Amino acid sequence: MKHLSVAAALLGLSSLASAQVMVVNQAISQAEVEAAQQAWCRALVDISTTHERSGQAAAKALAEKVIDSAYGYQMGAVLFKPTLTVNPQTFRTTRAGALAYFVGGDAAFPKDKGFALKGWTACQPVNSAIFLAGDSATSMGKVNITNKDGKVTTVDKTWQYVKDDAGKLRIVVHHSSLEYAGL
Amino acid sequence: MKHLSVAAALLGLSSLASAQVMVVNQAISQAEVEAAQQAWCRALVDISTTHERSGQAAAKALAEKVIDSAYGYQMGAVLFKPTLTVNPQTFRTTRAGALAYFVGGDAAFPKDKGFALKGWTACQPVNSAIFLAGDSATSMGKVNITNKDGKVTTVDKTWQYVKDDAGKLRIVVHHSSLEYAGL
Amino acid sequence: MKHLSVAAALLGLSSLASAQVMVVNQAISQAEVEAAQQAWCRALVDISTTHERSGQAAAKALAEKVIDSAYGYQMGAVLFKPTLTVNPQTFRTTRAGALAYFVGGDAAFPKDKGFALKGWTACQPVNSAIFLAGDSATSMGKVNITNKDGKVTTVDKTWQYVKDDAGKLRIVVHHSSLEYAGL
Amino acid sequence: MKHLSVAAALLGLSSLASAQVMVVNQAISQAEVEAAQQAWCRALVDISTTHERSGQAAAKALAEKVIDSAYGYQMGAVLFKPTLTVNPQTFRTTRAGALAYFVGGDAAFPKDKGFALKGWTACQPVNSAIFLAGDSATSMGKVNITNKDGKVTTVDKTWQYVKDDAGKLRIVVHHSSLEYAGL
């Protein structure tokens, strides 16, 4: 269900003290955006950890669950530009393309080594701005991801979310890029 | 501007204590809906009062201001079914049709006597439900309007609002009907 | 899935003749609104016919299917003002209230006799205006419903639709009222 | 006005041959997205050309017009990650930050040399995907920009558009990045 809350609030009218108004609020809140970002970061680290402990097949199974619950591929397409992809497979508008990017092992995407398999141990979003447009929300900022040697990689990241019928945020746009190194 | 609030909130990160995130929130709130309803009610009484004190021309001038600021006719049409209109002019999808309904005096709408000229002295919405869909919001409930003799007329009322670029709610759907008298 | 169409169209560029652009379109079209209106009318007649042939229980079972597929009660509430309801149960924001209105037989809604059980044989929407707002759409107009004696009842009707995740239109606002009889 | 078209179409009903339905359609179309992309490209080349012919002040004046008509800064913020910006001024959520990026000359943005002043002679979007969400639309793909020496720079680009009250598309999200060079 696409509702945030169904609240029954007393009307502020003495002569109508028993009347109640049902309120349904579908708008996406800042807290929901931040929770979705944290969930994405946790999933990235979880896939890395699963890979170390249980191998690529287990990591792939987890990545499939993550993609199916956090992205909106069932809506027809996700506009996904991962950090490290190149022509002619820069954009991963299909679920298969996203899965290959995260865990590799797909002959149809031969350059993919598995971004989520790089031994990530921490992930932290640092938002520059969050735009709550009502039925969608977009965040833009840095994401710092740390590997097991303590090295931090920082990416510039845009995520757009919509709510599905169950009230869960799903990523419908995801543009990630390495910081510009030329200045 | 279509923003509710541009808040700069500290990120909850000690290592980024000086970082700030800009938040723009365009979602329509329950408080905004209730304020728009109260404004509609006040405008109805104001037009009646102006009519009593200063005549139809003054009431018409005020009604034009009200329609231009509270409705969305500039978006192409408003889906407006006033309480007391009949075939073949039941629906008032144009500004001219709304103005004629409220203050009469338009030969193109010969049955309109001016709903807002009926000496209304009070107007009170009693919501049954408010649906906040993010970029639009709809309320449904009763509206009680009182004339100078103290007689209360109750109508069943649906209003849908969107925000314009200036952040102001505008009515884009308005269906009003007398209560069913058959039971 | 919430997509109307996933079209792959050739870019109009000779040097990129093999490039394709994936297009997902979630906007609600006029044809979809009209189809949803026709489906509502067919369902009303079907419930009446089922009632005549198979009794109230069968009609109720069909009405439950219709409500679950055509309305958005799973989103938290529907803003529904049926044609013939009165205080204190004018508004039917819950599924139970809608079902009682259409087929009666619910002690919690003692005045409901079952609007859909009145032997309707035909139903025809005549739109005054359709507002396609992108992710929602609203229609306003007359609906003419004919009973087995050939008598036509005309109501003033507002329906607002949104698309669910499966791409199906669902009614989220429904205000119906008898025509004003005072002029 | 936020309407695409106000069409009055004959209802397909012989007995209602004179009835008309007013249709307002606010949904963003693929053609509108493509036109906005072409306008952005033309503006980039125009600013470069103006700079060559008339100097930085003229280029800046033109850039201000372009930003004010093509972006949505008046909505509170634009989520803009230009191609060549770095910490701590990577994100240009304000009009001043966008203007400095395009034409330089602002002491508050000391690293900005003016991206639009680099002598661009051509600009061509090559979309991977366009997502029409009804009241917003997002494109993702490559943009090829050519300088006066014929050298082509390709960037990965995400643009999200909404319609303003005048029916004009405005960029509310813009993430641009150089192609990944590591593979």
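Labels A, B, C and D are assigned to the chains in the order they are written; within every chain, residues are numbered from 1.
Definition applied: a contact is a pair of C-beta atoms (placed from the backbone, for glycine too) under 8 Å apart; a residue touches a chain by one contact, two chains touch by 3 or more.
None of these values were measured; they are calculated from a predicted model.
Chemist: Among all chains, whose Cα centre is located farthest from the one for subunit B?
Modeler: Farthest by centroid: A.
Chemist: Between A-C and A-B, which chain pair shares more contacting C-beta pairs?
Modeler: Answer by contact count: A-B.
Chemist: Could you state the distance in Å from the CA-based centre of subunit A to that of subunit B?
Modeler: Here the centre of subunit B sits 38 Å away from the centre of subunit A.
Chemist: Any idea how many Å lie between the Cα centroids of subunit A and subunit D?
Modeler: Here the centre of subunit D sits 25 Å away from the centre of subunit A.
Chemist: Centroid from C-alpha atoms only, then distance subunit A to subunit C, rounded to Å. What do you get?
Modeler: Subunit A and subunit C have C-alpha centres separated by 34 Å.
Chemist: Can you list the residues of subunit A that touch 2 or more other chains?
Modeler: Residues 22, 24, 26, 76-77, 93, 128-129, 131, 133, 135-136, 141 of subunit A touch two or more partner chains.
Chemist: Looking at the complex, which residues from subunit C come into contact with subunit D?
Modeler: Answer in residue numbers: 11, 13, 16, 19, 21-28, 30, 124, 126-136, 141.
Chemist: Mind pulling up the subunit D residues that touch subunit B in the complex?
Modeler: 1-3, 6, 22, 24, 26, 74-77, 93, 135, 164-165
Chemist: Spell out the residues on subunit D that touch subunit A in their complex, using ranges where they run on.
Modeler: On the subunit D side, the touching residues are 76-77, 79-81, 83-87, 90-91, 93, 111, 128-129, 131, 133, 135-136, 138-142, 156, 158, 160, 162, 172-173, 175, 177-180, 182-183.
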